[in-house]
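As structure tokens, the structure follows; a few thoughts come after it.
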Amino acid sequence: MNEPGKRMTLIVFSNDMDKAMAAFILATGAASSGMQVTMFFTFWGLSLLRKKDPVPQTRTLVEKMFGWMLPKGADDTTLSKMNFCGAGTRMMKDVMRKKNMPQVGDLLNMALSLEVKIVACTTSMEMMGIKKDDLIDGLEIGGVTTYLGEARDSGINLFI
Amino acid sequence: MNEPGKRMTLIVFSNDMDKAMAAFILATGAASSGMQVTMFFTFWGLSLLRKKDPVPQTRTLVEKMFGWMLPKGADDTTLSKMNFCGAGTRMMKDVMRKKNMPQVGDLLNMALSLEVKIVACTTSMEMMGIKKDDLIDGLEIGGVTTYLGEARDSGINLFI
Amino acid sequence: MNEPGKRMTLIVFSNDMDKAMAAFILATGAASSGMQVTMFFTFWGLSLLRKKDPVPQTRTLVEKMFGWMLPKGADDTTLSKMNFCGAGTRMMKDVMRKKNMPQVGDLLNMALSLEVKIVACTTSMEMMGIKKDDLIDGLEIGGVTTYLGEARDSGINLFI
């Protein structure tokens, strides 16, 4: 058995820029301090893991529609509040660039290089018609059982 | 004292279809694998437990207004994003039906039959003028002390 | 080492009236029953800690804009749903007053008097140009490491 204080799991349900940032700052902070971190990307959160250019493959009309409407990866996100048709998000991204703060895409890469385990939720993939090829490399796929197995041994479990 | 790894509590604050699904998938998944699960329905989440047809009783004007505006139970929910005046929600429900995925109402029934403990938050009931008769059968009512008592002994505690 | 069952941490990410209420009801409930509670206010949640009247100091244009647009403290919040341009929020506040329920500002004061530890997130402060002088007295400031240090020893950790 592990020491629960050394492990953290995050369910990333949202694809809002602000919540994604919070999730990745927690994950990279914990991994940097030697904790074992697993992030489960589910529902809207799954779109944070999409590649910019979808691999061509047969899709139903509904799957195509999801493909058009969902954000294309970690850099295509907007604020959950004060978005103002994109102006608020642009302003926030500018501020972050000026202060040399990492953007969501940078934080995702940092998480991968710190060996944070990135898991894509199979149920959400099926529901939205997202295939493994549509998602970035270096991730695993898993369902609720995978999540529960990890969360059970972790001292910090959050739903974001 | 119990084994915390065998227990999970979920605070269901939201009544969005997507978040309700996440909550019930976690709850039924955990209960199926032998965990003891308690779900606390509070604030907007409380409306997931409403009966379709409210029992007639004396209500203030404000209580009537809450009654009209809040969703009437687990099947009357909409997506938190991409709802598009209901079209997005309908599309998602269609997809789920075609793929034989359970809807929110089905998942709630599944949770009840798996003996997930369903608790309605007393403070929220008072605030919104919801009486116990307005809610489905088979649930308990309780406040923050009830919650804390259960969460303290649980290894997984999430706020959804 | 402490007893994890005696400690709770809450990340308060949101500044919605409803979520703030949930957070403070949990925090004051736990503190009243003898638990040690730490609340981390991050991103939008940070604005719950703002003083009504900002201290005059040099600010960039963007910092001024954030200052105008973000709620000014715990009493300047609105519902996440059914706000209806403020009418829903006013209605809810009226109901609470009539039922003698504490408002968000009252709950914050209650939390402070119960010795709940209030921590403002340094990264969010920098991002939004909020200085320590802009925030109420009696709080600490800290980053993700502070959070992880506390959460590791706590049995209940929630993201709100």
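By written order: A, B and C. Residues from 1 in each chain.
Keep this in mind: contacts are C-beta pairs under 8 Å (C-beta built on N, C-alpha and C of every residue); 3 or more make two chains touch, one makes a residue touch a chain.
Quick caveat, the model's predicted, so the values are computed rather than measured.
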item	value
Topology of the chain contact graph, where touching chains are joined (line, ring, star, complete, other)	complete
Interface residue overlap between copies chain B and chain C, same or different (over half shared)	different
Between chain B and chain C, centroid-to-centroid distance (C-alpha), Å	25
For chain C, residues contacting two or more additional chains	157-159
Contact footprint of chain C on chain A as seen in their complex	5, 8, 18-19, 21-22, 25-26, 29-30, 33, 35, 80-82, 91-92, 94-96, 99, 101, 155-160
Of chain B, residues touching chain C in the complex	4, 11, 13, 42-44, 62, 65, 69, 123, 126-127, 129, 143-145, 147-148, 151-154, 157-159
